[in-house]
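Just below is one structure, and these are the notes that go with it.
When the chains are written out, they are named A, B, C and D in that same order, and each has its own residue count from 1.
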Amino acid sequence: MSSVFSKFSNGLWRENPVLVLMLGMCPTLAVSSSAKNAFGMGVATTFVLAGSNLVISLCRKVIPAQVRIPCYIVIIATFVTIVEQLMQAYAPAELNQMLGIFIPLIVVNCIVLGRAEAFASKNGPFLSLLDGLGMGCGFTLALMALGAVRELIAAGTIFELQIIPNWQGILLLKMPTGAFIVLAFFLAGMNLLKMRKCRKEGRAYEPPEELNCRTCSICKISRQ
Amino acid sequence: MSENEIRMPDTSRLIVSSSPHFHTTDSVSKIMLWVIAALLPVTAVSVWHYGLPALEVIFFCTAGCVAVEVLCARLMRRPIEINDGSALVTGLLLGLNLPPGTPIWICLVGALLAIGLGKMVFGGIGCNPFNPAIVGRVGLLIAFPQTMNTWMTGPDAYTTATPLKMLSDAHLAGQEGATNAMSEMLSQVSYGDWLLLNQHGGSIGEISALALILGGILLIALNIIRWQIPFFYILTVAVFTGLAWLSDSSLYAPPQYHLLSGGLLLGAFFMATDMVTSPVSRTGAIVFAIGCGIITCVIRLWGSYPEGVSFAILIMNALTPLIDRMTAGKPFGAPKKKGLKL
Amino acid sequence: MPEIIYQFYGGVHPPQAKISSQDAIVSAPLLERYVIPLQMHIGAPARLLVQKGNKVLRGQMLADASAFVSAPIHAPTSGLIKEVTTCLGVLGTQLPAVILESDGEDTPAEPLAPIPNWQDSAPADLLRRIGDAGIVGMGGAAFPTVIKLSPPPEKKIDTLIINGVECEPCLTADHRLMLESPDKIIAGMQICARILGVKRILLGIEKNKSDAVDLMRNKTQDTSIQVCALDVRYPQGAEKQLIYTLTKRKVPTGGLPMDIGCVVQNVASVYAIAEAVIDGTPLYQRITTVTGTPLQSPGNWRFRVGTPYAEAIRLAGGVTEDPVKIISGGPMMGVAVYSLDIPITKNTSGILLMSGAEVSQYQSKSCIRCGRCNDTCPMQLMPGILSVQIENESFDLAESWHVMDCMECGCCSYICPAGRPLVQHMRRAKADVTALHQAAKAAKAAKEAREAKEAAKEAKNSPASAPGKK
Amino acid sequence: MQAVVILLSTGVLAGLAIALVVKFFGVQSDPLLEEVAALTPGANCGGCGYAGCAAYADAMVSGEAKPGLCPAMSEDNVKKISALLGVTSEVRVRKVAVICCRGDDDMATRQAFYNGINNCRDAMQVAAGAKTCTYGCLGLGACARACPYGAIEITSKRLAVVHPELCVGCGKCVQTCPKKLIKLVPASAPLHVLCSSPEKGVTKRKACKAACIGCQKCVKAAGEGQIRMNGFLAVINYGDPPSAEIASSCPTGALSASIAGTEQSGPENEVINA
């Protein structure tokens, strides 16, 4: 059971698609301007991920290797179309308008295709479903965290609830620039946490290749 | 050794190091102190003119920058290098780039943006690709457009339009309106007064063109900045706006208007010449300055922002490594044709 | 003849500090013991001719040139070869050496036959003499002079340049030599000119040695030698810069002065040539400036090679305060040493002691890209950018930015406000790039050898197909 | 209904296009190569003698090289690759680097203060590092920086030590050390001579308390042919190594059982890095 749970939790933290694998940057930067948008996008992506993972896993023995990518894309696109139709029918109009063009773009979100290729095509339907859910939840959480921080600083609200009264607001954080800055701090914080953990356990810290401090001489944190 | 009591040197405490064994007495902190000295005239004039609001902004920007640098160095477990004075210079320049009367907390956010985001995340002094003071200023401009566009024209008088803003508004009013607004505005300008004391509103450091030029000349005389950068920057702007003016004097302001308004002189003498973010070779400096001039003019004449100096310098900062490569000279005695490949 | 002086790019103006320029040259007294390294020149160490326990005489050849780039070494005095051992060199490495114990007699060996009528003798004879006398470039590089003076026939030499610039601060040995033995120097120049068959002889002297300029001008009035007074700027005396200043010719990258028809000789080398040819004295002594503020009485001495630095300092009256740095050579290009047992060699132009107040240590802060190194680099490199590349160990990048053209003159480090050890970066990069090239060459040679061997093996295995198929 | 037809016909057309492309341009990729490459450690240290892990995998699949040359690969992975390729693996002796110097600041003296770049290779350009023993470790960490596995540490007393449990024997440090102090030795060897100076015993002793002074006590204590003398330096025959007890016969401790030379350094020791 623990291994089943670990398949799910993998996407939440250890291999969080946004903060560790650094996939799906386009929606991450574009839709995380408020917590609500982030939540909507996250749920939509989770649905697509879980569904496509399940179906791809079920068909994995049937699909020949040469045409696997068109097949995956067709499956993913089907789910995206379903989500799009559903959202148009049931989601609040303003959310729908805000997410608008980003929903169709889930088709080419590299998290979805990435998990299909890396996981669902090699594992059984149950595990794939779990992986999809986990990755989707991780994506949603990361997006919501980003969105919450940006919304808080830009407007003093979270989920449109006033948190800081009389906040003048910093417009910078509402813009794409703000998304980059907050994401950078998230990545740095993530790295720092892992480093601390490794040190506590007495293991050598191996940062992801994109964030490897070995060749960089800017800070001395990794060598304290 | 006993005869004549000759004292032989003690070899146990010698230092060995690479040649050369003579060094200049110049240091980074001396250079930075001279930059500060060159900024003093304009600081003094602005404090005299605006009073406390200007002093407050300058003080909190400077103190904020130094504090942020110490904080970042602590967090990054790097040696604290504030005594080289570069944080002071950044803080002073940031303060001079803000409107007088900017709230203190915005000054501190600016310091955080300038030093934290503009300098320390890249590895501290010498590693930043962009001029930290401009990063701070542009960050504030985007974050607080309202505050950053309220200017003081005197100790108690406020306006929301600098000369360049008026110009840009006049442009937006369309051909007919532009001509009227322009001629009305230009008729009020007295360039002689303007040179000494700008009473039309603007950043703290835009107060006196003369004080800026004095400081710039001091730096050029001391060989701290390269004369090519301010010279070609200002020249490019003059030529560019001059050509525009000649082509249609009813639509475009004369070059002297452009030279004296906005942050051009402050930018040309103190911001574009920041050593870390400008090309190292003299040819590179010329390319850099001309680039800055063209972008400034394009933004001023046809952009949606009234002022383009900061953006121009930032954009050219990004191109600096490329300019360095392109303008790397051939070594002494190298064959004529074989240059450095990109 | 009008003088046309060109200005080379860059350069710096370090403090001159030539405090011993008025001290006449004194011959150092005979010592009991000399330590003679067998490598006082660029190239292969000399091949030892004597054995432990041998008696030698002053001027007798102790070791002979062992390769094309090498130079013989002669005994500085008469005595007994005490030991064949190693000694510490200025670079901190052990060099093969012999220890000569003086017998106090200073008996000269049969001298090389003097050639008083050198004006009429064949250049080949003169060249052979210069080689036998073990003369090397005494400005610092210690390149065997005989090679410099025998350019391949396809290189037409039209100008002989004599380097009396002595642009290094503190050093005064060449200055004193020009003041005290102008005739010998002029004779030496003419010998060199005869060997090379050139008419145009230029003697470059910096203007801060105006007495030497005047004296040399007087002495050379009715000769073809032209004395040029040059502006004081370091590194005026660097070979490539001096050639440019005097002739406006640029030595091509990776090339030699002879590629553009020039040969440059130091005044001390020229003097040694005159001594070897006219008097038949091989090179076993040289003039060295012993200077520095910590010294009691700085000055210029004529030392025999193999004299330990300690003796030189003793002659200068010892010190009044403990030095913090001891430098072999001048302050700009000299090498810091840590032992006084190091012997004076043919290229020790000076021994400089620096007190604590004069020494500024490298702190190696970040480069602030002020570009001053660019402006001062006489080779027109970009030392600041190079040093950052080298710090990141990107040697291939540094090579493409021409690090190999660096001549380590030290202008960049001198001027750097951030106190970066730029020259050390360059030196390391040059050493590593050379090593990489050598390794690549060796690997290629090994591969070729292996392939040839395999090919041979295959040919052997199938002898039928081997012959006659080409 | 229309949607279904269009989707189906698009699919058929796209499928045909793919089929044509595969037929005319298709290249059979070697799944074996990918599998083998996945089993290599990916550190690209070059210890196998090839340009990197991918090049070695290529060489193994093409039959040019045998599995087992990689110093960093686990026994398991070697077996897996051997099974995949159906070949026998190379017999492999695990090797580790050993730094043949014990002259830290307690043992060896320094002649002068070195002021310059914190790297052995740079220090070599300045009076060869100014250590009294011109052959000794400078302790400025060029090897530690070169090690892709983080197996070399510089102690607070400025001596490089190898952590044998991390070392895979790739040999990068061997090339980097400007003093040529590092040797690759079988990991099983119990004893090492931690001195590299060819000087006379007296000279060495003056410069360093931990030098091999050439007293030959170990030669006598060891079995026939296990230790021989090369000049003033004892040399261990790694083909037939002497037992660890011999270390006690060494008066200076140059003959040491510990590969790290000194006691294992504590965590408080500073690691010099980049």
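Details
In this text, a residue touches a chain if its C-beta (ideal position, glycine included) is under 8 Å from a C-beta of that chain, and two chains touch if they have at least 3 such contacts.
Nothing here was measured: the structure is a model prediction, and the numbers come from that model.
Averaging Cα atoms per chain gives one point for each, and the point farthest from that of subunit C is the centre of A. Counting C-beta pairs in contact across A-B and across B-C gives the higher total for B-C. Centroids of subunit C and subunit D (each the mean of its C-alpha atoms) stand 40 Å apart.
A separation of 48 Å divides the Cα centre of subunit B from that of subunit C. For the pair subunit A and subunit C, the distance between C-alpha centroids works out to 66 Å. Within subunit D, the positions touching two or more other chains are listed as 111-112, 115-116, 125-127, 130.
Shown for subunit B are the residues in touch with two or more other chains, namely 11, 13-18, 123-124, 127. For subunit C, residues touching at least two other chains, in rising order: 92, 335-339, 361-362, 421, 424, 427. Those residues of subunit D whose C-beta lies close enough to touch subunit A in the complex are 11, 14-15, 18, 22, 26, 150, 271, 273-274.
Taken in their complex, subunit C has these residues touching subunit B: 8-9, 14-15, 92, 169, 240, 244, 250-253, 255, 294, 296, 310, 313-314, 317-320, 322-327, 331-340, 352-354, 359-362, 365-371, 374-375, 378-382, 384-385, 400-402, 405, 408, 410-411, 413-419, 421, 423-424, 427. Of all residues in subunit D, those touching subunit B in their complex are 111-116, 125-127, 130. Note for the complex: subunit B touches subunit D at residues 11, 13-18.
The part of subunit B that touches subunit C in the complex is made up of residues 6-11, 13-24, 26-28, 30-31, 81, 84, 86, 123-127, 226, 275-282, 324, 328-335, 340-341.
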